[in-house]
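The structure follows.
Chain lettering (A, B, C and D) follows the sequence in which the chains are written, and residue indices restart at 1 in each chain.
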Amino acid sequence: MSNVKKLIITAVCIALCVVLPMAFHAIPNAGSIFLPMHIPVLLCGLICGWPFGLAAGLAGPFLSALITGMPPMAFLPSMLVELSVYGIVAGILAALIRTGKPILDLYFSLIGALLAGRLVAGILNALIFRAGSYSIGAWVTGYFATALPGIIIQLILIPAIVFALERAKLIPRRYN
Amino acid sequence: MMHSAILSGHYLPNDTPIHRLNPRAKIISFFTLLAVVIITRSTVGYTALGLLLLSLAHLSKTGPRIVFSGIRRVGLFLLLIFLMNALFFNGDRPLWEYAFFHISVGGIAQGANVALKVIFLMALSSILMTTTTPMEITDTFAWLLSPLQRLRIPVHDFALMISIAIQFIPVLAEESETIIKAQTARAAKLDSPKLREKANALLPLVLPIFISAFRRADELALAMEARGFRGGKFRTRKSSPGFTRLDFAALTISIAFCAAAVILHR
Amino acid sequence: MDIIEAKNLFYTYEGEASQRYSLEGIDFRMKAGEFVVLLGQNGSGKSTLAKHFNGLLPLQQGNLYIAGLDVRDPANLWDIRRKCGMVFQNPDNQFISSVIEEDIAFGLENYDFPPEQIAAEVHKALALVGMAGFEKKSPHMLSGGQKQRVALAGVLAISPEIIIFDESTAMLDIQGRQEILQTIQQLHQAEHKSIIHITHRMEEAVLADRIDLMKAGRIVASGPPRRILADLPLLTSANLLPPLPVRLYEDLRNAGIHLAECPLTIHELTEQLCRLS
Amino acid sequence: MSIVVENVSYRYAAGTPLESAALKQISFTIQPGEFIGILGHTGCGKSTLIQLIAGVLTPATGRILLDGKDINQRDFKREYLRKKVGIVFQFPEQQLFEMTVERDVSFGPRQLGLPPSEVQARTRQAIQSVGLDYETVRDLSPLTLSGGEKRRAAIAGILAMEPEILILDEPIAGLDPVTRKDFMAFIRRLHQEGKTILMVSHDIDELSAFSSRLLVLDHGELILDNTPEKIFADKARLSELRLGVSQPKEIVDSLREKGIDLPSDIFRYEPLLTALINRFGGQNE
């Protein structure tokens, strides 16, 4: 895929970071659970590679905060860190992991990215953003317990999106 | 609902002093005032800031309704922050205690403090977004980050990426709304409790949105290449005009506010 | 001098399951200042051929010269794209900024126009398409016809010699289509641009100097509208419907009523019928 | 199965400077078996109106009654509305997402919780009725079909829910002439089979070919509600609304101006041809 195309796909993913939370905000209890802003960033990392994943992880939440006020500025810093790590790690793992079966590559890359993102964000939260009153318990509950449904939904949605995009010939097949 | 969410940050073409400000001066002032919002804790500080924001809203003809309309959208969230602080933060002069709930004047003040900060941050960003075109914002960030270009970080491509993203937002927003309406008209149900079913219920909404968005990216790539885009090349940016008296006035006001805030809350 | 000269072009989309040729031995010539309509059903190869002219699709087989530049030589690519501009079908997928003057400046920046001249060029391009004064507006507030005119201004800004309209009216309403057709005619007559208009609407094909009819990757006929659009068997073989006046002319002839000449427009039809009575 | 639209209005982007009244006090009734064309320029509110009737949007004021019951009442069963009223949005191919055509077309019936045997029967019938061959396309991915085939598959997905009232928003926009002609014949066949059709378009020729009644909207108001004959008769009013007439009608009007008096209520192709043959037939014998 040419760099021009990767650049525009990243731009579209950044736009979706702003659009998806709004679109699903209207649907009762759908938006909050499945963390819509994470999907375009993870997808962008998987498809375009880590530099573009990083760009989406930074620009997505930033634009969304500016344009729709979601996430509010107070939560923006930790969100930028978490999503950037998602984008980078998803891109790196997608490049490294070649099991021969596309679905396995996707699962390993995604799970790796989701773990890494939460780990880094948790550490930074503890150290910088909410120094002192941040215990491991809060980190586990904050990032895993409540987000578990979101993680499971992402593990179902993202591979489905990748395969649909391949069928529609909008991205190259992983193995032909 | 969707349209109002977009509009709290949408650029509204107008000819006001704020619109005429050089984007670089405007964004530097924006960041200075951002610092002021974060530093301010006292009621005097917040009232001064509130007056400044209201006059800016008036001066930029955006009007308070637009500037604060974004806040209506996160009303629930603000309430949550306020309650979290008011109920759990054990500040001075406790009023009432029960198990681990303890309401105190300090707690309520802390809750109000965080909530007000969020409101003012959103109002400030709304004023910036309605008076500055997304391209001006990206150009200014590209200018601020241009030293990184020497570290081979493609700052201009990043700025172009944001500009394309911003212009795609209204198109993709409207399209997602249509896709969601169309699929619910095909009886797509989203209220099933089981996780697996909920994920499957999201597929008919999420898949078409991504497919259509990627198809648009394909078409735009062709249009850009047809107009000579080569990617990566350092594109000559339009020259940015120098600072006028208006720009210097804006800068001095914001810096003065910042200095006052620092002194007041040391 | 021929502005476009194509000989024996073949093209297949890779990954195309049926290995079917999208272009099968195309010869195409066009003089400077000519207005050509590429007519044909969806999938007949119109857009594939056009995307060869500005190098969006690689030349697989045959040879092609655009404004004298050989497409085979990669060094010519940027000059070819500057001389041969293209407006696309979907009005919403052509903008890179949500402020019109910044979108139009995009092409100028790519060709290293000196920054201080850019604003003047942008203003000139917008005036050319009758959209002067829209510099600060956002493309999303416009009608379909206005969006296509802004996209056209973005192409005109780098002053191409050839402009290709790739189904640019297909998604517009009647009013939008009128706006674009008037602009095309004005560009052709006043600005002497060479125009290639890709469409499957008969009433648009009538305006051309010459129509090339395409079917399954081949040019099956080429000639003035009067000859092509009046040839009912040819149109039906290419899965196209004749303009209403031509259909009426045929049905009347089958009922024994002979008009002197086959009318292409409603105006000509009324004249023919008046002469008859 | 009648629908009553009772002074319905709707506002877009309420509460912001771009607020616009999409619809103002619209009232009319849809009788079973009618073929109604809705006409108007982009932005006149026609798409909003049909989304209100399909219950996808809720009106700011007024009510929409299906067989006398207000569809936006809490106790009105959504699934009942989905079974009775089907809406095909513009460019419906955008909503294709399933792995195979069969699963995409059967999505609606499955969501309605119908027994598998009935789902299978309806899916096969819907795919055949849009002119696709069930056996060849059923296992194909809808995303790999051609433009025309994708649109047929998308419409089949709505037909599979067997609604009595079918609402179509610009169903043939962007298709080439022959596919357009086939589609119009297909929609006409659905009408002849008893379905009530509500079709939105800005193309006069399309609408006047089959509609028994035309609703003309302008800036959110229902300006005209009448038979095509009566609406096309008032040429001044139409040009005031910047709406043209059908091409056959344009020919009749220009001929009448030149003194050739054909019946002025002609607006379709076939009646125009017969009138011309009668008028000029004798000339050559």
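One rule holds for everything that comes next: a residue touches a chain if its C-beta (ideal position, glycine included) is under 8 Å from a C-beta of that chain, and two chains touch if they have at least 3 such contacts.
From a predicted model like this one, the values you see are computed outputs, not experimental measurements.
Chemist: How big is the gap, in whole Å, between where the Cα atoms of chain B centre and where those of chain C centre?
Modeler: Between these chains, centre-to-centre, one finds 42 Å.
Chemist: Measure off the straight-line distance from the CA centroid of chain C to the CA centroid of chain D, and report it in whole Å.
Modeler: The separation of the two C-alpha centroids amounts to 30 Å.
Chemist: At which residue positions does chain A touch at least two other chains?
Modeler: Only 164, 168-169 qualify.
Chemist: Could you tell me which residues belong to chain D and also touch two or more other chains?
Modeler: As it turns out, chain D has residues touching two or more other chains at 97, 143.
Chemist: Two or more other chains touching the same residue: where does that happen in chain B?
Modeler: 160, 164, 166, 203, 207, 211, 216, 220, 224-225, 229
Chemist: How are the chains arranged in terms of who touches whom: line, ring, star, complete or other?
Modeler: Basically it's none of the tidy shapes, so other.
Chemist: Let me know each pair of chains that touch one another.
Modeler: Every pair of chains in contact is listed here: A-B, A-D, B-C, B-D, C-D.
Chemist: Sort out for me which residues of chain C touch chain B in the complex.
Modeler: Going through chain C, the ones touching chain B are 51, 54, 56, 78, 81-82, 85-86, 88, 90, 92-99, 102-103, 105-107, 109-116, 118-119, 136-140, 151, 154-155, 158.
Chemist: So in the complex, which bits of chain D are touching chain A?
Modeler: 97, 141, 143-144
Chemist: Which residues, counting only chain D, touch chain C once they are in their complex?
Modeler: 41-43, 146-148, 173-179, 181, 202-203, 242, 244, 247-248, 250-251, 254-255, 258-260, 269, 272-273, 276-277, 279-281, 283-285
Chemist: Spell out the part of chain A that touches chain D in their complex, as residue ranges.
Modeler: That would be residues 164, 167-169 of chain A.
Chemist: For the complex, which residues does chain D have touching chain B?
Modeler: Interface residues on chain D, with respect to chain B: 12-18, 51, 54-57, 78-79, 82, 86-87, 89, 92, 94-97, 107-108, 111-112, 143, 157-158, 161.
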